[in-house]
Structure formats: C-alpha cells, structure tokens
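Structures follow.
Here subunit A shows up in two complexes: once beside subunit B, once beside subunit C.
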Partner chain A sequence: MSKGTNMRSTLFWTAVVAILVYMTLPAVVVVATSFNPTEVMAFPPNGFSLRWYEKALTYPDFQVAFKNSLIVMGVSSTLAMLLGSSFAYLIFHYNFRGRGLLEAALWSPLIVPHFTTGFGFLLLGSHLNLTQGFAVIVMAHLLLVTPFVTRAVFVSLSNVDPNYARAAANLGATPTRVMVKITVPLILPGMIGGWLIASILSLTEFTASLYVTASRTQTLPVAMYNYIREYADPTISAISALLILSTTAIMIIANHFLGLRRILGIDNG
Partner chain B sequence: MMHQKMTAITALEHSVEIKAVSKTFGSFHAVNNVSLPIRTGEFVTLLGPSGCGKTTLLNMVAGFIDPSAGAIHIGGVDVTDVPVHLRDTGMVFQSYALFPHMNVFDNVAFGLRQRKFSKSEVTHKVMQTIEMMKLSGMEGRRISQLSGGQQQRVALARAIAIQPKVLLLDEPLSALDKSLRAQMQVELIEMHRNTGLTTIFVTHDQGEALSLSDRIVVMNRGQIQQVAEPIDLYRNPANGFVASFIGEINALPAAIYQASDREISLAIGNIRMTAPRRAEWQFGQGEMVQAFVRPEHIRIATSADAGCNVVTGEVLTHIYQGSHTITRLRVDGLGPIEMRLPGGDVVGRVPVGMPTQIAFDLSQVILLADKSS
Partner chain C sequence: MTRQRPFFVQFLVPAVLVAVIFAAAMFNVLKYSFLEFVPGSLNVGGFTLENFTRINRPIYYWVLLDTFILSFATAFFALLLSYPISFALVRAERNWVRSVLVVLAITPLFTGEIVRTYSWMLVLGSDGVVNTALKSLGIIDRSVPIMYTRVGVVIALVQFAMPVMIILLATAISQINRDCEKAAANLGATPNTVFWWVTIPLTLPGILSGFVVVFAWTMSAFSTPQLIGGGKVLMISNVVYLQGFSSFNLPFAAVLSLVALVAALGSLALMKLLTARLEQNMATS
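Our next item is the complex of A and B:
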C-alpha cells in the first residue's frame, strides 16, 4: 500500500468516526447522565446507579403518558397504513384529474411546520368541541405520518412487476381477488415498513402534540417536557434512554420487514 | 359440464378470430388491420422482427390492451369488451411472472381456485399437470429455488392447468440458453399434442417458428405479410420481406430476358440463367424482378452441369457450422453469394482466394416483381 492510499484511508476513517460521534453525541450524553447515583446531571456520570430508571418507570405521569402514547401510536399508524397504502395505490395506478394536487397535499406535512399543524388542530378541535381529546391527537398524528407510509408503499408498488397482476387476472381472478391474493401480499413488506416508521414518528412526535394534548391525554414526549420544566434530576435522562430503546426495537423490526423484500425476490421481479 | 363445454368448443371450426384489429399509440400503428382466424387445436406462430406488434396483438387477445378498431372472438363469442378475467385464455409471459410468494403447487393451482373447483379436484388437476410438465416432486418449492427451465415449465403448467380456450405464449423460450431451448421446443410440441390446446405462439426466431408451427403468421410493421404452413412459407414467400426473413437467401436483381411456356430465362447483370417455368409466373419480357436463391440450391459445378447456370466465383470465406459449411463467394456481376456445402468436412473445400465454378439450381428459384422499379 502506498503512502498516498494510507493517508486517504486515515482521512476516510477519521471522517467516519467524526460523523458517528457527531450523530450520536447528544443521545450518548443524555443516556450517560441517566446512570448518575446522585441528583446532579453530571457528565461523565460520577458513579453508576439504576435508581432513576426505577423512578422513571414508577412515576405516575410517565406511566399514563406512555399508555397514551401507545394508544395514539397504535391507532394513528394503523390508520396511516390503510390510508397511505390506498393513496399510494391510487397515485400509482390511476392518472386522474387532480392527481398532482393530491400528491402535493400528501407532501404538505413535510413543508408545514409541526407547530402550525398542532396549532391548527387546536383551533379546529375547539370548534368541534373535541378539545384535546384522543380524536384530535390521532388526527394530528395521522396527518403527520401518512406521507411516509404513502412513500414506502409507492416504492413497493413500483418494484412489483405489473405482469403478476396481469397473470392473475388472466387466470380468472377478479380485480378484488388480484388485490387480495397478489398485490397486497407483494407490497406487504412496504406496508409493514411504513407502519413501523409511522409508529416511530408518532411515538416521538412532540411539537404538534404539545398543542393538542391535555394533562389527561398527554403523550410521553409532552410529559417529559412538563417534567423537565419542574425538576432537573436524571429521571428525564432515564426516560429518554427508555424511549430510545423502544424506537430502536421498532427500527430493528422495520428493517427486518423491509429486508423481507429481498427474501421474496420482489426487488428483481 | 366440463365435458359438454369441451365438445361445444371442438364443434367450432375457429376458436379464435381476430377481425380487422388495429392498435394505435398516438399516431403510431403498432398493429394495423390484422385479420386472422385460428382453427381449434391449431398451433399458430406470430413471427416477425422485434417491435413489429406481436406482443401488442397477443395482449389484445388476452384483453390486457383494448384494440383501437376491430373485434376479437374467442370460442365463437365476441370478447372485445369482455374483461381479462372472464376471457379464459392462458398466457405465458416472457418474464414468466410466476407469483414469488407462492410455491409451485399454489402457482399451478391459482387459476383452478378462481374457478371454484373442489379441493380434491384442484389437487388432482394440479398433480396431473405437474406430472405432464415433468415437475413431479417440486410442488413445494419456492419459485426462487427453480432453474430457468423449471420456471418455464411451471409457467406453462400454470397456463394449461385451466384448460384455456386458447394458450398464449409470448417468446417463452427467449430467456433460455440454446440447448435448453431445443429441449423445450420438443416439450412444447409434446404438450400441444397431449392437450390439443389452440395455441398462439410469439417469436422473432424463424427457426423456432418453422419447427413448431402448424401455420406461421409473418408480421412486419404491424401488418401481416403472409400466413402459411412452414414448408409453404419457406418455398413460396409472398414478398421480399418474407423471403429474406425466413431462412438464408441470396437476393439477385434480374430482368426477364425471355419467357416461354417451358422456361424463363433471366439476365442477372451480364449473366444469363434459365429456370423451369412456373404456372403462377406472369412476368413479361424485360420486366425487372428479384430472384431469390437459397444457399442449399447452389453447389460446386461438375461436368454434368454442362455449363448450364454455372458461374465462376472467388471464395471469400468458409463458415464452418458442424453439419455443413456456409461458403461466401464473390461473383463478378452478382456481388456476394452464399452457398451451403453439405457435410462439415474440410476436405473438398476450395481454398480462400481461389476461383471455382458454381452451379445454381433454379428449379426452386423464387421470382418476385421488383417493386422498386
């Protein structure tokens, strides 16, 4: 190996490490402080203890908020999967008047700040007398996560050979049967992947949730925010670490399902 | 019920009728006024160069594409407006399109399950088809675990299991390597004999068409050029396109020099040749024609030829083909000529660069009016 290549590979690995550190540093700092044995948020921690985890898991506000988060996550990501898949199918298969408009509307949550969306639902909710109930929270989350499901399913649809559906119809399958027996199974990895991404986004959503939740319906990120406004002990670090752990678990499952695409041989279909 | 249906179809002379069908994409005529009746049980091949409209025509029979004009009848019924799933055709796609999330059994069973057969009937018919296509023991395999040849057979099995009114094959052998292709040709012939299914086969390979078909439909630029049995097509091409597309052929511009009842004599450049007269030739003296001579109708001249239809050529190359050799020569006034020497034997070849006398057997010459003049 020449000196030049050596230099370049050193540079390369330095860059890789720098990116890794930069991307994970905030989370690492927070997780590290969660192990402090005393009430100070020292970094590096001045000892090791799990007492703040115990506190986090038994703190009533967090318990309620976690349950709320799971409900909102489950309902909004499932609805998003159904709605997003339908949108993707519609946009992929039909060239109708106003298709461009529908697509633009679907991407708008990426442009409109979460702050605005939350505030908008707060105003809407008060008009509809749904103020800060679960319905409004779910509607806000649904709107924010549906584009991601649509995107995932659209990519899946683009990767499926259209001749599969033709072959099924040719063998006598009605359009409904083609959908149930061929199209849905072939795009299922995309649907599940989209569902899991929607779950993560919903679980960690804070800005919009701040506006549409009340203390009874607050989700975990909102409860965490309320906690840190009053207390400054490492409980907040511990609950952060737990939230990271949950999303990582969902991410691993998502990757597993997106990886399924290759097992089914759909990518080269 | 099934039996009655079968006899009803058999009683029909034509199981598929394509009636003045056209398909335009924008201003482009992909299929242009094609009419083709197909007899029950017939093996018909659509043959033509890539892009001539074969797939488009086949897709219109299956119902994937609506014709811009014309009608399609299957089993004596106008199906032009009938949706795909009610047409009862069996398609084998070029890419096979086997369902990747089902095993071999479920792929073959798919069509039968749409037809509400009982579970035991489905199993019986699937196993019967699987056996016929030499796939026994592979029922449980995933599609990704099959070789190209096996996938091909599963695709065929899936299409024939439903005993469709017509089997549609779109270049099914083109993805296979050469030896497998030859084997699958034999299996296709056997499959057709066993099932008696009316079959429309699409290919751009004239050899495949000649060896498989009852009748060949030669297409070019969306139009039918000729419909004929393989031998007839080879011997009596209707026009220059068919003559050049089917097999190897030497095209020689010629003028009718003299025409009598028994003979016709041609002036090809400054060379004079004589062919026995055919009744269908209506050429007058002085008319310009194209004379088509196949390489196998040219041989090294012997004394028996007595100088009749003999010319001198210079050997340019020998192309060894195993069972025979194609020799390319230059003949003054004719340009390059290809002849076919039987036997792949190197002995007896005239060395490259040397002149030799060759004799044209014009008993099977093809004369077509020269449209360019």
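Our next item is the complex of A and C:
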C-alpha cells in the first residue's frame, strides 16, 4: 500500500464514521437524557435515575396506548403476513386478467402519502359508521405494511427450486399437502422476516394513525405526540429508549438469523 | 380449473377484498374534494368545483414550492452523505464491519417518525446538544435558532431519508462488475479517476432512483415539519392537517391530499422515464 492510498483510506473512513455519528447521535442523546434525575433534559445526564421509566410505564395514557398498539400490531401484522404471502404466491405463479390493477392497488400504499391514506380511512370509517374504531385502524395498518411482506415472500419464492413441489406432486401429494409440507417451510424465513418488519412498522406508524385514531383508541406514537405537545420532561426519552433498544435488538437478531444484507439484496459475497 | 391452479381462488379473494377497501378509501378522498364545505359543520353539502379554485392562491403556491425545495434539498444531502456509507457497506473487507454498518444504517428506519423527530428536538433545541456544545466551546454566546427553521427541518429529514437511500445505493454498488474498475486501473487510471469515471457512472441508475424515491417520500413527510418546523415551516402535509383538524374543512383537505398524491406519482413517473432513457443511452454507448 502506498502512502497516498493509506491517506485516502483514512480520510474515507473518517468521513464514514462522522456520517454514522450524525445518523446515530439523536438515538444516543435520547437514551442518555432518559436517565436524568430532574426534569432538565441535560446531555450528558446530570446523574442517574430510572424515575422517567417508572413514569412512562405507569402513565395511564401510555398504558392504554401501548395496549392499543399491541392489539393493532398483532392483528394487522399477522393478517399482513397471511395476505402478503398468499398475494406473493398468487402473482408469482399465476397470470390472470386484472392482475396489473390488483398489483397497482396493493403496492400503491408505498407511494400514496400516509396522510392521504389515513384521511381516506377516516372518511371511509365515518361513512361506514366505524369512526375511529379498531377495525379502521387495523385496516389502514394492514394496507400500509402488507407490501413489505409481499416483497419478502416474493424474494423467497424466487429462490425456491420449483422441482421440489413438482416432485412431491408427481409422487401423488395433494396441492394442500405440497403447500403445507414443501412450499411453506421453504419460504418460512421470508414470511417471518416480513412479519417482523410489518410488526415494527405497525408499532411505529404515526401519520396515518393520527387520522384514524380517537383518544380511546390512540396508538403509542399518537399518545407520545400528544404528550410532546404538552409537556417537556424526559418521559418520552424513556419510552423512546425502550423502543430504540427493542428495535435494535430485533434488527441484530434478524441480521444474525435471516441475514439483512441478503434480504435487502445488497450482499455481493 | 382448480386442479390446474391450486389456491388460485382462495388467494385471490382476500387480495381483491383488501384492494377494494383501499380503493374505497381513496375514492372517498376524491368524492370529498368535489363536495361543498359547510363552515362550522363536519357535514358537507352538494357537488361543487369551488375547492379546486380555492387552491389558486399565493399561500398555497408558496407551501407547494416550499415542500418542493425542502424535498429536493433533503434528497440532495441524503445522496451526498449516503454514498460513502453504501460504498463502505458493500466494499468493507471485514464481515463484522459490514454487519455493524448495516445495523447502524438501517435501524433508524425502524424506530418510527415520532422517536426520531423527538430525538432531533433534543439535539437541535435552544438548550439542545448542538447549542450547548457550541456555547461551551466558546463559538457562540447565545443559542442559534435551529428549531423552527428550514435548516433544522432538513437536518432531521436527511437523517430519516438516509436508510432508504443507503439500501438503494448499496444495491447498485453491489451490482457493479468489478472487472470494469480493475480494467481501468490496469490501463493506468488513478483510484480517483476510476471512482469518478467508472464507479459513479455505473451506479447512476441507483443514484437516480434513490434521489427520486427520497424526494417523493419527503414530499409526504408530516411529523418532522410539524414538530421541528413548529408551524413556522409548513409542508403540504401540515396544511392538510390544519385544514382537516383545525378548520374542519374536510373537502379542501381532500383537495390538498390529492395534490400531494399527484406530486408523488408524478415524480415517480418522471423517474421511470429518466431511468429508461439512461438505460437506453448506456446500452447504445
């Protein structure tokens, strides 16, 4: 290695580290401020205390909102896993009239602004007299997160050798048996990866939820937003820290077992 | 029929059902945009085109222009900062370095808008980390306003946009045939020349799609301009919210939502056109 290459490489890695600091600084600050013993959100913290965690976990609005979020997340991500997987199977195997239109409808929540989607479901909900109930919230979340499952399962299906299913069918297995014994086990990593992503996205979705929830049904991000607008103390830092730590843990586990770079298609080795 | 196409009907029915529900929600936005606003009431009147003429006012042009400028700036800076990270993510020699990079780069995507926006409020506020650090270093005496400014909004928006940009750029970089770079180097090109004349041009499709996806995505940002802009920086999403929930003018909110939707679809269509032309050029040259 020449001197020039060394210097260029040092410069490059310094830039990379600096950019990563910019990307992660907010998360570090939020976690650090959550340990402040007083209402002052000092960074670095003035001491060490867990009182804001206690407040976050016992504040009634957050308790209700957390329960609501778990319900919405559990139902919508599980439905999204079933819908996304079956839809991926459908468009992977079959050509049919109106397929383009159906695909456009189910991919479009990725492009349509979340506030337009939320607003649409608000209007639809009031039209059907379901105003701001769980049915409308779950529906909105289902549409927003399904594309991520569809994509993950579609990638899995493309990587499966079709001869396994053919061999099983030739040996006399019924379509149901082929599905249960061959196809589903082979695409299970994609289904689980998609379900995981769908869960996290549903848990953290804010903009559309703001439109479709009421105070009784508000989800955790909406409750946090309402709290931020009224109070300034480290309670939100404590909840944020819990959310950041749990999503980071999930990402590390997902990276270990499923290989994030492979799921995202950026692995060259 | 079912024998030849196992699970066709079973899988088609739920997909169609959900697609129809989404179409119904979008249709409701369209329908409301043509209904008359009754001040002081959530109920709406009969058919009218007045909501569309109402948008023809300077204030809404400014909001649209502002949304456009902020989204463009966000896409530009996100591209600038994401390229080195994507490059390192794909080319780092050690496996653990790549793993650390992917987790650090992608995790912000999954912490949610509210957590990220709140974190930036702590960093950018008048008693925030940046101002405190600058004061203790003696660079400034009084806090510099970053919150409630366009600069503050862009600083936060760029960080939100980077994970998506990094994924798209890393995909493009990982698809480069490295023999092209080696050939250029063997012919005597310096590493700089190779990077600017071989690597960058080969990743141009990724750069373009990253730019436009982030641009379209930022056009619909809501919580960042809402909380960091604090009403002083208005993007189209904030005006939709104000119209819907402060003025209860649902028909006009519907019109603005449609404008945002058309802007997002328009920029993506433009991207398709540009990438198609680019690929054509690359194929012929």
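Here is the rule we go by: the second predicted complex is superposed on the first by the 249 of 269 C-alpha atoms of A that agree within 3 Å, B and C clash if a C-alpha of one lies under 4 Å from a C-alpha of the other, contacts with A are read in each partner's own complex, and residues count from 1 in each chain.
Methods note: a residue touches a chain if its C-beta (ideal position, glycine included) is under 8 Å from a C-beta of that chain, and two chains touch if they have at least 3 such contacts.
For clarity, every value in this text was computed on a predicted model and none was experimentally measured.
Taken together in the superposed arrangement on subunit A, subunit B and subunit C fit without clashing.
After overlaying the two complexes on the shared chain, residue contacts for A:A167 are found with subunit B alone; subunit C is out of touch. Looking at the superposed arrangement, the partner reaching more residues of subunit A, out of subunit B and subunit C, is C. When both complexes are overlaid on chain A, the residue A:W107 reaches neither subunit B nor subunit C.
Judged by the touch definition given at the top, the superposed model places A:V30 against subunit C, while subunit B stays out of reach. In the superposed model, A:M224 makes contact with subunit C only, not with subunit B.
Angle at the C-alpha centre of subunit A formed with the centres of subunit B and subunit C, after superposition on chain A: 100°, rounded to the nearest 10. Once both structures are fitted on chain A, no C-alpha atom of subunit B lies closer than 8 Å to one of subunit C.
Contacts of subunit A with subunit B, set against its contacts with subunit C after fitting on chain A, overlap at residues 175, 178, 264-266.
Considering their complex, residues 5-8, 10-12, 14-16, 18-19, 21-26, 28-29, 31-32, 81, 84-85, 88-90, 98-99, 101-108, 110-116, 118-123, 127, 129, 132, 159, 162, 167, 170-171, 173-175, 191, 216, 219-220, 222-223, 227, 237, 240-241, 244, 250, 253-254, 257-258, 260-261, 264-265, 268 of subunit C touch subunit A. For subunit A in complex with subunit B, the touching residues are 161, 163-164, 166-175, 177-178, 181-182, 185-186, 264-266, 269. For subunit A in complex with subunit C, the residues that touch the partner chain are 5, 8, 12-13, 15-16, 19-20, 22-27, 29-30, 33, 41, 43, 82-83, 86-87, 89-90, 93-94, 96, 102, 105-106, 108-109, 111-117, 119-121, 123-124, 127, 139-140, 142-143, 146, 175-176, 178-179, 197, 200-201, 203-207, 210-211, 221, 224-225, 228, 236-237, 240, 243-244, 247-248, 250-252, 255, 260-261, 264-268. Subunit B contributes residues 62, 64, 83-91, 93, 95, 97, 99-101, 110-111, 114-115, 143-144, 158-159, 162 to its touches with subunit A in the complex.
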